[in-house]
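Chain naming follows the written order as A, B, C and D, and within any one chain the residues start at number 1.
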Amino acid sequence: MNTWGEKIKISIFGESHGAAVGIVLDGIPSGVELDLEEIKREMQRRAPGRNSISTPRAEADEVKILSGFFDGKTTGTPLAGMILNTNTISKHYQKELVRPGHADYTGFMRYGMSHDYRGGGHFSGRLTAPLVFAGAVAKQVVAAYGVTVGAHILRIGEFWDTAFDAVQVDAEQLRTLWQKEFPVLDWQTGDKMQREIVRQRDQLNSIGGIVECAVVGMPPGLGAPFFGSVESRISSMMFSVPAVKGIEFGAGFGFAEMTGKEANDEFYMKDGCVKTYTNHNAGINGGITNGMPVVFKAVVKPTASIAQKQRTVDIEKMKDAEIEVHGRHDPCITHRAAVVIEAATALVMLDLLLDNGAEGIR
Amino acid sequence: MNTWGEKIKISIFGESHGAAVGIVLDGIPSGVELDLEEIKREMQRRAPGRNSISTPRAEADEVKILSGFFDGKTTGTPLAGMILNTNTISKHYQKELVRPGHADYTGFMRYGMSHDYRGGGHFSGRLTAPLVFAGAVAKQVVAAYGVTVGAHILRIGEFWDTAFDAVQVDAEQLRTLWQKEFPVLDWQTGDKMQREIVRQRDQLNSIGGIVECAVVGMPPGLGAPFFGSVESRISSMMFSVPAVKGIEFGAGFGFAEMTGKEANDEFYMKDGCVKTYTNHNAGINGGITNGMPVVFKAVVKPTASIAQKQRTVDIEKMKDAEIEVHGRHDPCITHRAAVVIEAATALVMLDLLLDNGAEGIR
Amino acid sequence: MNTWGEKIKISIFGESHGAAVGIVLDGIPSGVELDLEEIKREMQRRAPGRNSISTPRAEADEVKILSGFFDGKTTGTPLAGMILNTNTISKHYQKELVRPGHADYTGFMRYGMSHDYRGGGHFSGRLTAPLVFAGAVAKQVVAAYGVTVGAHILRIGEFWDTAFDAVQVDAEQLRTLWQKEFPVLDWQTGDKMQREIVRQRDQLNSIGGIVECAVVGMPPGLGAPFFGSVESRISSMMFSVPAVKGIEFGAGFGFAEMTGKEANDEFYMKDGCVKTYTNHNAGINGGITNGMPVVFKAVVKPTASIAQKQRTVDIEKMKDAEIEVHGRHDPCITHRAAVVIEAATALVMLDLLLDNGAEGIR
Amino acid sequence: MNTWGEKIKISIFGESHGAAVGIVLDGIPSGVELDLEEIKREMQRRAPGRNSISTPRAEADEVKILSGFFDGKTTGTPLAGMILNTNTISKHYQKELVRPGHADYTGFMRYGMSHDYRGGGHFSGRLTAPLVFAGAVAKQVVAAYGVTVGAHILRIGEFWDTAFDAVQVDAEQLRTLWQKEFPVLDWQTGDKMQREIVRQRDQLNSIGGIVECAVVGMPPGLGAPFFGSVESRISSMMFSVPAVKGIEFGAGFGFAEMTGKEANDEFYMKDGCVKTYTNHNAGINGGITNGMPVVFKAVVKPTASIAQKQRTVDIEKMKDAEIEVHGRHDPCITHRAAVVIEAATALVMLDLLLDNGAEGIR
C-alpha cells in the first residue's frame, strides 16, 4: 500500500516515465507558513544531474502545489504536490529482461505484465522526489515545535565519516548539514568518498554506503509500546526508501557485545529535566521518546543499475539471458538517499508529534 | 497503538502484574485445524523459569482460547487468547525510581502517573507471551501454504553461531531449530554462549545478542513498494518486540562496502522457476518477495534489569538517586527473543499471504 | 474486520455459545477514574432475562477487566474486558437449516462450514454486551469533557414517543433516560409500546422500532470533511449494531420535501457563542460539529427469531426446507438496542474528541 | 481524514477555487483496460453548467491521469487523476460572513482562519468530481466481476418516482439509467420534478430529494460482521458525499412497523442458488451480502446556497449579521448527487470484492 501514517496520511503516486510523480499529505496542521524557496532548495538537494557523481538525467523537479495551501499558509486540508516528468528516455528499457538488483521481476510477479517497467516505473528512485517535498514541508512544521532533523553520509565503501555524538548533537550541527552538497561532518573524508564514487563509475560499477540521521528537540513521551513504537514507525518509513536494507538505533548491532551495565543509559537531572549520561538507546525507551536525541543509521545498497554485462532471465521466453543496463544512472545514491532519509524522518516526527496532541499545544 | 496488520489485525493487551495478558487475532482464515499441543510447546519455548539462564519467575503460560475456535478448527472470526498472570511479586517495584534501560520514565511521560509501573506494566517482556501464541497459530496457518519460519541465536557477546546460507536454507533446517531449547546451528558455540550468560549472571550483569531468522516457501510477488514493503512490515513488527534495536536484511550493513556487481543477485532459471545465484537482497526486491528465502538479523540489547547499583532519578522528587533492580530477571533474553521473533515473523508472513489473495488459492 | 477507530481502536471478539465475549479498547486516556458500579448498571440495562419483554436467557453479564485499569484508574494502555458465557443451550441450533433474517447463510458463505453457527455465533446480539461495556467506559470519559449521550425509543410499531427537541435537549433530560428500564420520554406511550411487544410475543411474532439518540456538549470543530465526517463515523459504528438498517441525522429523510430556506439553520450569537435557531442539520455542517446537539435516529428491524414456521433452505442438501426457530428470544430488541446505540455513540464521540487533541486540553 | 478503504485506498484533495481537485486510487488491480471515453461521459453526467436546473458555472471537468495507467491498462500502482479548476470567481465570498447550511463556520472552527473559505474550499461539492472519476474507474473494474451499479432520483419535494423492485432489479435497468440526463424510471414524474426545481430556482430557493441506488451481481459472502459490515462501509462512504443526511437499506425505516414474519426474507433454491422471496434486508444479512440486489436510499438536503437574505453571524466581529449568498448555484443537487452516489457505491463494491480475494478469482 502507498499510504502511511496515523495522524498524517501520506499517499504517493507516479512512475518514472509516466506523466508525473506526486504526493498527497493529509493531516498537516493549518496556518503554518511555508517557505517555498526553502522547499525548492530541498528539492534541489535530491535532484539528479547536478554533478559528476549523480545521474546525468537532469530534472527541474519543480513542485506544483495543487491544494491545501492558500495565502502563504497551509489550510489544514490535504496538501497535494505534483512534479511533472520532463526528461524521460524510455528506449533503454527492455520489458522481457529483468534487471538484477531491481524490482523488474518482482514488479511483474506482483502486478502482472501490465506493470509499467520503464525506468523502474513506480519502484523508481524518482518517487523519492515527492517524499522529499513532503519531508521539506514536515521539516518546516516540526521546526515550529522546536524539532530539527539532519543526516550525513557516515560511510561509503571503506571510508567512514565522524559519527554523531548521540548525547551532544544539536540543531546547529544538523542545520549545517542542510547546506552541504555532499553532507559529511569531516570534509576530507568526504573528498575521499567522492573519489571512490568516481572510481566506481569509471569501472562501470557502483558502491553502497551508510547514512546516519539525528533528531533533536523531540519532547519525551511520544510514541507507544509495541506496534506504534518510535522504532517501528521510523523503520517502516525507512524501508520505504528504495535501496535501504538495514537500520539500527543508537548502539544498534553493537548491543550484541555490550553488557547491561554498559548498555543502560543512566539518568540524571539537569536544569529540571531528566537526561541520560549516555545515549545508546537513541533517545527511545520502550518505543517512546525520552527527550534525548533520536539517532539511527540506515544502510543503502549500491545502485543496482551498472553497465557491465550481468546474467538474468528473459521472463517472456522463461530462459537464461544476459543484460547490460544502459541509461543514465548514479554510481552511488547514498548522498541523495541522505536527503530522502532526512525528509522521511521529518514526516515520522511530525506524525508522532501530532499523534500525541502536539497540535493542541502549539 | 497496539494494533497491527493489513489483512490480519492483531490487538495485544495486558500488564506484567495485572490480571492477564492476551491478544485478539482478527482475519485468520476459517477452517484451519489447530494443533493445540504444538501451540503449548511453542509457549513453553518462550516461557520463563525453565533453566538457569532464564528468569526464575515460573509461569505456566497456559493459553485459554476465548473465541474463534470451534470443533478443532478456526472459525474465521476473531481468535482471542488469554494467559492469566499467576506468579507476580510486586513488592520489588518502586514507582518513583525509574529503572535505567527500561520504559519506566517514558511510560510515565506518555501515560502520566496512573501508568501501571509494576514489572514494566504493559511494556513488560511478558507481553511477548500472547505474541508467541498468535505466532504459533500463524505458523500453523502459513504451513498450510508451504511456508516455514525458523530462527537461531547468531551471536551472544563474542560468540558467533554459523549463519544461515541464504540460498540453501530449507524448511527442514528451520524445523530442527524448533526442537532446540537453545536454538543454534553449532551446538559447541551454543555451549560457549550459555557459559557466557551464566558468567554475566554471576557478575550481576547481562549480555546482548543477535537473532537470525529465515523464511522459506514464500511465493514471489508478495508485498508492495514503499510503505507496504516486506521490509517495512517485518521491521515494524520486530521493533514491537521489546529490546530489539536494529534489523538488517540479507547483506544488510555489509552492503556499505559492496559494489553493485557484488550486491546484485543475478537471475537464472531452474526447473521452470526464476532463482538468484546469490541472495544478498534477502529474497526481496523493491519491497516484494522474489521467491528466494527471506533472511534477516535482529539485534537484542542486554537485559536492562541488573542487580548492580545504577544512577537514576526520583521522578517524584525530581532529583538524582540510586537504584538496585531486584526481582527475578534473565541475564540474557536473546534465546527467548528468538522464539518471539520467529513467531512474530510468522504473523507478518501470514498477513502478506492473505493481503495478496492467498486465502482464495488455498 | 472487527476493529474500529482513529484514536481509539476497538477490537471485539467472541461467539454466543463460545467461552466468552469481550473487547479490547486501545487509546483510552490514562488517569480516568472509572465508576465500576455505574458500568455494572449499564451492563444490566442491556442484559437479557430481566423482564417479560426480553429473552428469558439470563446472563449475569459480569465484566472481568483484564488490563488497562490499576488503582481505580485507567492506565492509558489497552483496556480489555471479558464476559464469560454461562447460560448457553446449543441444542436448538441446526447447522444445515439457515434461519431467515439471520446471518446463518451469509456466515457460511463468508467463513465456510467451520463457522460457529450456534446461536448466531459471532453475529449474535450477545456481542453487543462488550460494546456496552466499552461504551460505559467511554460515557465516563466523555463526561470528563462535558459531553453527555442519551437515547430513547422513538417508535415501536404504530406507537411514537415524543421526539427530542433538537435545539433544547440537554444533559439532564438525557441522564434521566439512563435510569429508565424502558427508556421513553412519555411513559404512557411506553406502556402502549410494551403491550404491543407482549402482543407480538403471544403471536409468536416480533416487532421493529426506532431509537433516537442525542449528544450534548460536543465542542464545535470536531470531525472532518468526507470520509472522516461525524456522520460517516457514527453510521459506520451504528451499522455494526446488529439489526440496525437505517440512520438519519436531524431532519433526515424529511429534507426531501424541505426548501433551502427551511433547511438551513441560521446562525446567531448568544453569550459569546455561535448558535443556530433551528437544528435540522443535527449539529453537523460539512461533517464537522457546530456545537449544537448531535441528534440522529436509527431503525431497528424486528427480531429475526420467531417461533412460527418459515420457509428456508437446507444448505447441506441444497434444497428447500421449513424451519421453526426455537430457543429463548426477544419479541422486540429496540429497547435493548437503545442501550447499545447510546454506548456505541459514546465511543464515537470519544474518538472524535481525542482525534482533535482533546486529551491535551483536559 | 481524507483517506478511505480496506483494500483500495482513496485519497482526495483540492479546493473549489484552488489550482486543482484530484484523487489517488491505490489498490486497483492491474491489467484492467479502461474505456476513457466512458469515463469522460461519467464526468459529464456530474459536470455543472449543462442545463437550466444546474449551476451555470461551466467546467470542462477533464481528468488528467497522472499515474497508474500505461498502454491502455491499469498498472496496479496508484492511479492519480487531476482536474484543473478553470472557471473560478472568488469575489462573491466574504470570509467573515459564514453561510447558513454550509461548512464555513465549522471549517473555521476546525482549521482556523487559514481555511480556504472561497466557494466552500475543500468542502465544496466540486470535490465530488474526483470521486466520480474514481467511481467511473471502479464501475469498469467491478463490471469485470459481473457487478453493476445504478441510481435514480426517487423523490424531489412532493414528487416520487417508481421505486426499484428489490428482487427483480437487473443490470439492464441500471445501465439504462446511466444514459439519462435526469435519471428517473418514470419520465413523466421526471418532468414534474424538473418543473419543481425551476419553480424553486425562480423563488431564489432550493429543494431536497432522495436518491435510490441498487447493485446487482454481488456474490454472497462479502463483507463482515460489525465494523466491516456492508452497511457500515456504504454509509461511511455516502456520508462523505456533501448534503447526504440519511441512509436506509431495503425496508429501512419501514422496519419499525413490520413484524418479524413480514421482515424476514425467506429462502428458497432456484437453479442451484439460494435466493430470497422478498428482499427487505437489501441483500445483506449480518453485514454480509447474500447474493440478492443491494438496495438503499440516501436523502440529499436542499442546496444551502440561496440568494434570499438569511440571518448569520460575522465571525470576526462575533456579532449577528445578514447575508445574501450570490454566485452560481444549483437550485437542486439531487440529480447530480445521484451520479456521485452511483460512483461512490462502485468504489465500495470494488473494495468489498477485493477484500474477499476477488482479485485472485478473476
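Simple rule for what comes next: a residue touches a chain if its C-beta (ideal position, glycine included) is under 8 Å from a C-beta of that chain, and two chains touch if they have at least 3 such contacts.
A quick note: this is a predicted structure, and the numbers were derived from the prediction, not measured.
What chain lies farthest away from subunit C once each centre is taken as the mean of the Cα atoms?
Measuring from the centre of subunit C, the most distant chain centre belongs to A.
Count the touching C-beta pairs: is B-C or C-D ahead?
When the contacts at B-C and C-D are counted, C-D has more.
For subunit B and subunit C, let me know how many angstrom lie between their CA-based centres, rounded off.
Centre-to-centre distance between subunit B and subunit C: 38 Å.
So the centre of each chain is just the mean of its C-alpha atoms; given that, what is the distance between subunit C and subunit D in Å?
26
Among the residues of subunit D, which ones contact at least 2 other chains?
Subunit D, residues with two or more chain partners: 1-3, 12, 77, 110, 122, 225.
Which residues of subunit A touch subunit D in the complex?
Going through subunit A, the ones touching subunit D are 1-3, 9, 11-15, 18-22, 24, 26-27, 30-31, 64-71, 73-80, 82, 110-116, 121-122.
Can you tell me which positions in subunit B touch subunit A when the two form their complex?
1-4, 6, 10, 12, 98, 100-103, 105-107, 109-110, 120, 122-123, 127, 155-158, 200, 205-210, 220-229, 231-233, 235-240, 242, 244-253, 255-269, 272, 274, 276-277, 281-282, 284-291, 297, 299-306, 308, 310-313, 315, 318-320, 356
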